[in-house]
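Okay, so chain A shows up in both of these, paired with chain B first and chain C after.
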Partner chain A sequence: MIPANPTVERAPDVLRVEDLKVYYETSKGHAKAVDGVSFSLRPGERLGLIGESGSGKTTIAMALMRLTHPPGRIVGGRVLLDGRDLLAMRERELRRARLKEIALVPQGAMNSLNPVMRISDQIIDGVMAHEPDRHPRMELERRVARLLERVGLESSVAGRYPHELSGGMKQRAVLAIATSLDPKVIIADEPTSALDVVVQRQVMLTLGRVQEGLGAAVVLVGHDMGLMAQFADLVGVMYAGKLVEVGPVEQLLTEPRHPYTRLLIDSLPALDEKRELRGIPGLPPTLVDMPAGCAFNPRCPYQHLRCRTETPELWEVDPHRQVACHLYPEHSALPAIPDKQIREGAIP
Partner chain B sequence: MSIHGVLREISRVAHSPRMTRPLIAGSVLMLCVLMLSLIGPHLVNQQLALVGARAPDLAPSSANWFGTDSLGRSVLAFVVDGTWPTLQIGLIAGGVGIGIGLLLGLLAGYFRGVFDATVRVLADSLLTIPQIAILVIIAANVQQMTVNLLGLVVAILAWMVPTRTIRAQVLSMRERGYVEVARANGQREIEVLFREVLPNLIPYIAASFVGAVSAGILAAIGLEALGLGLSSAPTLGTAIYWAEKYSAVLGGEWWWWTPPIVIIAVIFLSLFLLSAGLDRLANPRIGSRA
Partner chain C sequence: MTPLLEVRNVRKVFGGGKSDTTVALEGVSFSVSSEHPSITGIVGESGSGKTTLARLMLGIIGPTHGYLFHRGRDVAAMSRRERREFRLEVQPIFQDPFDVFNPFYHVDHALAVPIRHFKLADSRREVQRMVAEAVEAVGLRPSETLGRYPHQLSGGQCQRIMVARAFLIQPRVIVADEPVSMIDASLRATILGSLQRLNRELAISVVYITHDLMTAYQICENIIVFYRGSIVEAGSVERVIRSPKHPYTQLLISSTPLPDPKRRWGEDAIVEEESTRRSTSGCKFAPRCPSAHEPCWTTVPSLCRTDADRAAACFLCSDGPVLENEEINQVFAPPQAENAPTLPEAN
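Now for the complex of A and B:
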């Protein structure tokens, strides 16, 4: 899981996000949905972005495609795709980059297919937008069949309408469209949110298989820890528009460094031990009126004076492990939750 | 394809779950009206539609099936002659109205902004003014009214409702996931509009077209009944105008005014049924699931 393979290690970043900021204009001021997020991915790497609703995950996914709509606005930062800044591209260049270099597997396959078009035509539309020269019909049909096969669908699906397919088949068809031009980066925004767990796993395995075949980097956005654990190499934890912790998935799950990550993991039911489930007390802050200092400080059991005044920066505590918390570098691991906090009933 | 094949195809279509009863009934009625208007003139002696062709005010008899009017015209002959121009006016008005409405509705709904605001204000203002008042003024100032011209006059006010309904649909369509996906896949805005949005509108366009045709016919009949219709060709509306002018209702000449009214009623009924049925036909989500 840890990107230990030296050849992968040395490969240049295919996607590099630097200080990305996306704000929503509201009547109460700017809602800082994504506020200075940076990460980078090498070919073949899988990054999972996790966080609760409103933490900015989907906003990042849309900004990476430059599909942010008003009232949302990309305020700053760079999204470097093979060294070229997607956010600075001209419209024409951007259109060419979409699907061919960076492709979106959208949230909710149910609405992502045009209900009145056959699957084959929907795949061909994407291809034709990039290769407008005339293709013989036969060649296109063979290509569609190959793409469908790659995602585990029969080629007869090509002639069907979306309503004739099951949820899992639809999601596979969406995958076939997204991977039709062998993109270098795949952005998957909760691709399996509407599917049951069995189909979810199958679809994720398919996504993984196709991605490995292409050597593409994947950014998987979601809130399902289990899914992340199975799929991702690296996990980034989002809180209130910022990345608070990034690390290899196993290390992050077994030995979380950020208090929020720790509480998030504690709130999950475990199969092998029986214990009381704990929620995280309090609510995420409203994005227009953020607490001073660390955004998590009002809910944090480790909170001390500095947290209320100074915003912690994301920095590397160990190789591959980045955390934004004032506990480091003072501590080498996350200390036990102070008893006082639990006794005082901060946890309802 | 052999005749057998054609019959099998017709039977297949007729038994498809998308062929609903309203659609079949509407099509059959419309077919009858079309046959009457297109084949009828070849079967009926058209000379009988001229003034003074027969003795005036004759009740129906074996010689004159539908009797004659006060001007000595055979009612059968002028009803048969007048049906097609009436339909033609409706088709022109409906076609032009839908054409303008589609263009304005698509662009206004998809691109929004100043253009949308302008179109909306214009359409809304025109909708509040009684249409017949505007049409009367325009029609009264036309020197030589022809079928095509009357169709165009009616079309002047036939685009607002299609514009508003299509715009409303586009507003909802443009937010659908697949529209965003098409953008994410690098399709141009104009491609997205015509490849992704437009095909989803076909049921609404079909239903709106039928609606606009019937609104056009109704408006034209209104003008004709007021005497602002065609001087050159007979229509169903002009038939009502003459019947009213010669007090046919008070005079008890029911054979004069009943046939045009029945034909008009059948036209409206069939258009209504078609509009209801087309919505299902053009929608692949319905059907095949049965």
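Now for the complex of A and C:
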């Protein structure tokens, strides 16, 4: 996750994203949905990408699989998978990499299953596409049973159709498909957004177990800070197409550096104390009409002149912590919000 | 004292015929007091019957058995005039903010229609003034929202306009069905905050229907937990959330993803729904319950009072006196208006 430091011994990155840019062509010009995002992941690491709707998080997930469709276009950057640039691969090479090396657990995964195919056939489909040589049926069936077992499903599920399964079971079936070829990187795009909390917990714990078993890296995309805290090791906070803060989940939650992260955390309800619910004043900018300077400046209680003219870069303020904010390096931590601002930011 | 709104012993069955029927609600009673403005949470997963209850309380659908009373009058047997009064006093906020607006009209339309319908203003100018005032009351700028179409606004803005609509009509009860589940975290607090303000400043009661225990805990005084159409636990929110008695409530709370990495989900055994196929004529939660024993499969546990301010329907805590359906409000904590924090004025 941390920019390479040649003096420190570290495992090679399995996924390295450099200056990724995805724009949407609109009648009003380019909408910079993802605008220069960089991060890297080592095997076994879990990165949570959190952001509100329109922050570009799902666009990143799609771009990492090179599944961006028009009007969206990947206009720049590199996605290095074990050192090979996914964005520069030929179509054939790309097809080989998908599922085998980098796999997607899509949003609303329950709707991504084919309703007229049995679960086993949908799992075999992917396997056969990558290993076209003849497999004895028995061997395939054993393999399907093993994959289902790994995600906590009975082998009898193999013969069933999606409509015969509950939401949680469908989600696990999708997980079985995504992990069928032991990928090195799993992209999970809001995998539990339509599920109840109890089922969500089961599915996320399953994803975690499978991922640990494989030693794969995970990028979990979502909007729920609670889910990130439960699952991720590192969290990247997205705002208006950019990463504004990256850090280990515990530090990020207890000691946020970016004003947006701080206000986002303050707006979360808790289960142990009743407190005044405080939203973030204002609205996120529309991507075709971005404010000059820092995109968060119109909503930021700390904003000063420089924020309105100069876009802050994401850089390392501490080992393992990256922030894109003009408050640093002058400050060593995020100063307290001026009292007046707290009041203005409170429930209108 | 006659309650403002009372659901009494309601059963709602969907589907006709002999076989394929779904019991969405079973033996549900509770009421909203006309004296103390309250915020009551109705919590449950999908399929728990919470939206059915919302629709029932709004008079959109009628119960199969049981009654909905508005100020002691049966809503099913109301005259036109009484029904109009009922609508004026009981107003909804729905889940999907885009779904409730007519896409062909400016959003102002949704605010102006009730003013005309309930004859709240005398002149066109007054309608405009009231609309602008209501929009400002929920923290939106009229210049940025009025005169626009719903698709030009964000979900959070649309939902706040629905709150503004409630503010405009000033009902006695708002039935809010998942009002923030489609709203981003940073705006969620703002919308819930405006509901709280309606409650405190205009003495409007709120029935807050949600699957999210955390927001319910933050804004409610009392909550009712539903499982598959039945009440499993009810009482003051502090009691129910801090020391849940029913195994289902316990499961819900332990599964809530807290934004605190130090308190991650335990790997404690969860009985999975799909793993047991044993059908039950007793407690509906028995197939998933880690502490299910023989009586659970055959007898439906009644709601028993476990504390002064809580009741639960479980054999594990059935020592207390049985609470008749209609008595459920007895376990609700009275509103604590005097020590509620004061909110800053709208900007």
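One rule holds in what follows: the second predicted complex is superposed on the first by the 333 of 348 C-alpha atoms of A that agree within 3 Å, B and C clash if a C-alpha of one lies under 4 Å from a C-alpha of the other, contacts with A are read in each partner's own complex, and residues count from 1 in each chain.
The rule is simple: contacts are C-beta pairs under 8 Å (C-beta built on N, C-alpha and C of every residue); 3 or more make two chains touch, one makes a residue touch a chain.
The structure presented is a predicted model; accordingly, all values stated were derived computationally and were not measured.
Asks: In the superposed arrangement, which partner chain does A:156 touch: chain B (first), chain C (second), both, or neither?
Replies: neither
Asks: Report for A:225: first if it touches chain B alone, second if chain C alone, otherwise both or neither.
Replies: A:225 sits against chain C, while chain B stays out of touch.
Asks: Tell me which partner touches more residues of chain A in the superposed arrangement, chain B or chain C.
Replies: Between chain B and chain C, the winner on chain A residue contacts is C.
Asks: So, A:125: does it touch chain B (first), chain C (second), both, or neither?
Replies: A:125 contacts chain B only, not chain C.
Asks: Between chain B (first) and chain C (second), which, if any, makes contact with A:309: first, second, both or neither?
Replies: Neither partner.
Asks: Determine, under the contact definition given at the top, whether A:280 touches first (chain B), second (chain C), both, or neither.
Replies: second
Asks: Would you check which partner chain A:112 touches, where first means chain B only, second means chain C only, and both and neither mean what they say?
Replies: first
Asks: For the complex, give me every residue of chain C touching chain A.
Replies: Residues in contact with chain A: 45-46, 138-139, 154-157, 184-194, 196-197, 211-215, 217-219, 241, 251-253, 255-262, 264-265, 267, 270, 272-274, 341, 343-344, 346-347.
Asks: Name, in rising order, each residue of chain B that touches chain A in their complex.
Replies: Listed in rising order, the residues are 176-178, 180-188, 191, 195-196, 199-200, 202, 283-285, 288-289.
Asks: Considering the complex alone, what residue numbers of chain A touch chain B?
Replies: 65, 67, 94-100, 103-104, 106-108, 110-117, 122, 125-126, 129-130, 161, 163-164, 174, 177-178
Asks: Would you pull the chain A residues touching chain C in the complex into a rising list?
Replies: Against chain C, chain A makes touches at 52-53, 152, 166, 168-169, 196-198, 200-202, 204-205, 223-230, 249-250, 253, 263-265, 267-271, 274-281, 283-284, 343-344, 346-348.
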